[in-house]
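In the two assemblies presented below, subunit A is common to both, partnered first by subunit B and then by subunit C.
Our next item is the complex of A and B:
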């Protein structure tokens, strides 16, 4: 049997971080009673006309620039026609050709430390639909138009992804970037960042793509992974059994972790796209693009390169960039104590796992960046042992206390005074005549054993480096 | 009964200013006239008597305001304009009893200018038609002959002006819907440049072609109405910021300063004899006065009707998708599922002409047909634009008939939509072009029916168009009003 490999492309919908809707002044994204945030425009009343929210265009252009694409000086809105109760105009206002952005891509960090460039096809703007809510008690479907008209960008990748892992990592990285740029708030649970997955199989090495299916509306990275894995298994099994793959749109049932047909090719909508006559072409001047480039924080790529050059591993860097806000936190902590390697390790091993487990954003942690910097400094100065630091981290994170104070209170600061260290060294040397003899005979490596003994004697309070120095002093005196 | 309704806008404004009569007296006179003739003409779908009189009273109380250019003047608006206090039906059963939650920009501007809206006028359903016979609420009658159509779709507006139901009117023109009824009823009608007047709050038909505009008894009155409602609107991003010009007192143009182009495609040999006779006489009056008439060709016009009926219906098919019975308007209860709710509601609510155009528009946008129809039509529209633009460099304005027939008997073409579509050739190229057009009476035919002529201008050149229109008006015999 021919070996098949998956070919995956994504269509990501990100809600733009605007105060108002795409074509009217109704507020966006606020909790409210159903249909509290609607007007004649977003509710599709006779005679109403759209007027474009310039902020949305600016954010879309910002995303395009950040993703290395071309901002089209001239783009058009089109009407995408279909009937649904949550679609008040009977059409969605979207962009077909030309879209606001073309091309670009993202360097995806792979698990093996290498990178893969994922090309983007396009970025376009569109408005969101409302919601249908089923009222079980009265057996009625009700329509809430609060979300109708919310501005979105759709980012369409080329079919450059090859696994569920890659797709999930790509989404995390993209979301990290777009939230860092404040293009979107990117809250998955609010549906502010969701995606459709296109997936097909092709014989390994072949250039010809197979028939694809599209899995609609996934709003969790985990579901994306599960859906892709299920779909790969399903399509592989069909191929193996000699059946043709049918082009269809699928729905992912996250309870059963399986995909189910939503509609087949024959039932596919004919959207009858045509240019929206109520909106003039969208223009973005070269000056605007230049201004966006000016205000854009250094690209993620260049920040990453810098961090790696400063001694961080790719794994830690990816860890920092995948969590929204983590990079900012890290950079702030660096200002308190400029030791990227030590701080990066603290972030990856202690701070990030803790905020993730608590479901907090970095900025919400009581432990502020300067305090994490202090912790790194204590470690660097040898005032605190690594083990002690890890032991007290939970408490430190919860209280946000000064690390030195907390370590002192818990008796975790290291003893580095020559007095007690010399006492312990003498004691240990006296208690281990065999090893002392070996050391004096030239087996210098035995020193680490003796240091360990001092550490044990001090119940971990001794600074190991200083303890070694004290032992060397005592042993040196013996050899004379 | 007071005869104040006979005044035109300019005359009435002078009387109001001098205090010869009050806004209330004028409004009452127009309302009385309306009530007297409406049973015959049926120009109106809603009469706003209480609101109008209250407004007139408030104006009188505050005193004449010279900064309000339409102070105290009773007018009507076509029932496609959204306003509060009366239903907005667009002549459709679908919107019977529908009350808008907001007011059209032009309605707000009318009120701000001091105009008093006394009624909403009848039209073909969703402005699709040339006779008002496709109004779900019955046709309007031509005031010159009550057995004949007034033209359309703004037939109610034109008939109301001529019958004295209000001193002026606002209509809309997508393919001739102001100019053709103005011609058939014998008043003046102006379709401004696309993008001159806000469409916000105007029930949409063909969004890239729709344009509101005034109808009145004189060219000057149309200019005054235009000045009050034109100009940029933050709620309609297709309105141009190009300066307006002086529409109230345009710089006059002498007959000897005018060169008018006569496109051969619009002066066919088979014009109805009564129409041809009046227009021939009208042309000779112009030439005698020193107006230069030149023949020219607009070869792309042979595609104009097809192009229009592809583009306008495509836009209409999606503009009307919102009438689905879900949020407002008519809803057929008892549907078993969503598709049936849509189908039954729309079958019940939308009339035959509207359904015909939705089907046509849906077809030309469909996958597999878009390239052959919609895309081609959009390309040909650019050719037509270039053709007319070029013609308008060789002359000041184009002059054409408005309709190859004078007002025809009600019911003549109900089963023959294609013939009626073909007749739109006289008016719809201007909508594809985008420029302004002015219809005015050229004379009365032997059949005692008005015959109109039409001036076509360059985009945003309304001031000169109004000046040229006033010159022609002074050279041609006044039509007066029919006896009702």
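Our next item is the complex of A and C:
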């Protein structure tokens, strides 16, 4: 049997981070009673005239620029015609040709540390449909149009992905980028970031694509992975048994973790697109594109490169970039303590595991970035030992207190005053005549043993560097 | 382009018209379609080389608007619900789909 490999493409729908709908001034993203946020336009009343939200265009263009695509100076809205109760106009207002953005792509970081460039075909704007609820008792369908008209962008990739792992990682990376740019809020559970998966098999090494199936409307990364794995197994089994793959639209049943044919509106794939006569062409000037480029924060890749150059390990950098908000927190903490390595280690070993275990976002932590910076500063100045810092971290995180105050209250700050240190040093020197003799005879390395004794005597409270200095003073006086 | 009965039937189906159209009605529909489409053929004869395409029939199309929400209008929402053939509480109500 010929070895087959999967070919996967994604169509991602991201809800644009606007305050109003795409073609009317009804609010979006607010909790409300059914059909409270509707008007003539989004409820598809005859004669209503849509008017484009300029913020939606700006956000779409921002996404295109950030993804390295071309913002088309001129694009058109078209009507995509089909009938479904959640679509009051009888058509979706979408972009066919030309869309707002063409081309571009994303460097996907692979598990082995290498990268793979995933090409994008296009980015276009469109409006969302309403929601249907099924009234089982009365055998009726209930329609809520609050979501109808919500602005979306659809990002269409080329079929460049070859596993469920790659597809999931791509989605995570894309979502990270688009949320960082505030193009979308990207909340999966709210349906603000969802995708369709196109998948086919081809003989390994062949250029010809097989018949593909499309899995609709997946709103969790895990479901994307499960749906792809199931579909690969299903198609492989069909090929092995000599059956042809049927081109069809599938639904993923996450309870059974399997795909099933979707019967409803997709039976007729003839949308009879034509230009939407109620809307003028969308224009984006080169000046607007230039202004967007100005305001884009540095790309994640360049930030990562910088962090690695500053001495952080790749592991810590990935740790910082994998948790949403962690990088911002880290950069803010750097303002209080400008040693990326020390701070990055604290983030990776203490802060991030703690917020993960508590299910918090970095910005929700009581321990603010400047306070974490202060903790790093105390370590750097030798006012606090590493073990003490780890010991008090849980309490520090829970209270958000000033690190120095808390360490003092718990008696964890290191003793660096010359008074007690000299006393301890004298005591230890007197108690260890053999070692003292060796030291005075030139065996300078014996000092570390004596420092250890001071540490023990002080029950770990002494600042080791200062303790060494105190010992040197005492021993120096003896040698004269 | 000519319109035959199959095309007419396909379009009727897409428009959710009764596919079991009686032959007389289907024949009339096919001829109507045919006349409309052949009129487009006449328009297509006009030489439009160098003419800027007209994307909108509006003389002064409305440009983009700022992203400023309008206060939701409960009366308007109520009027829209009331205008529906059927409602159920705050929902529009339609024959069951799926």
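Criterion: the second predicted complex is superposed on the first by the 349 of 480 C-alpha atoms of A that agree within 3 Å, B and C clash if a C-alpha of one lies under 4 Å from a C-alpha of the other, contacts with A are read in each partner's own complex, and residues count from 1 in each chain.
The working rule: contacts are C-beta pairs under 8 Å (C-beta built on N, C-alpha and C of every residue); 3 or more make two chains touch, one makes a residue touch a chain.
On a predicted model such as this, the values are computed, not experimentally measured, just so you know.
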Q: After lining both complexes up on subunit A, report clash or fit for subunit B versus subunit C.
A: clash
Q: Please indicate which partner A:32 is in contact with in the superposed arrangement: first for subunit B, second for subunit C, both, or neither.
A: second
Q) In the superposed arrangement, which partner chain does A:374 touch: subunit B (first), subunit C (second), both, or neither? A) neither
Q) In the superposed arrangement, does subunit B or subunit C reach more residues of subunit A? A) C
Q: Check the residue A:102 against both partner chains and state whether it touches subunit B (first), subunit C (second), both, or neither.
A: neither
Q. For A:43, is the partner it touches subunit B (first), subunit C (second), both, or none of the two (neither)?
A. both
Q. Counting only touches as set out at the top, which of subunit B and subunit C does A:75 meet: first, second, both, neither?
A. neither
Q: Please work out whether A:52 is in contact with subunit B alone, subunit C alone, both, or neither, and reply first, second, both or neither.
A: both
Q) Looking at the overlay, does A:92 come into contact with subunit B only (first), subunit C only (second), both, or neither? A) neither
Q) Given the touch rule stated above, what does A:157 touch, subunit B (first), subunit C (second), both, or neither? A) neither
Q. After lining up the shared chain so the two structures overlap, which partner does A:274 touch, if you call subunit B first and subunit C second: first, second, both or neither?
A. first
Q. If you lay the two complexes on top of each other, which residues of subunit A touch subunit B in one and subunit C in the other?
A. 40, 43, 45, 49, 51-52, 81, 83, 85, 143, 270, 272, 277-280
Q: Show which residues of subunit A lie in contact with subunit B when the two form their complex.
A: 40, 43-52, 79, 81, 83, 85, 88-91, 143, 270, 272-274, 277-280
(Q) Quick check on the complex: what are the subunit C residues that touch subunit A? (A) 10, 13-14, 16, 55-58, 61-70, 72-74, 76-77, 80-81, 86, 88-98
Q. Which residues, counting only subunit A, touch subunit C once they are in their complex?
A. 18-20, 25-27, 32-40, 43, 45, 49, 51-57, 76, 81, 83-85, 132-135, 138-145, 263-264, 268, 270, 272, 275, 277-282
(Q) Could you list, by residue number, the parts of subunit B that touch subunit A in their complex? (A) 80-82, 88, 90, 95, 98, 100-102, 104, 199-204, 206-208, 234-238, 314-315, 317-318, 320-322, 324, 326-328, 338, 342, 362, 365-367, 370, 374
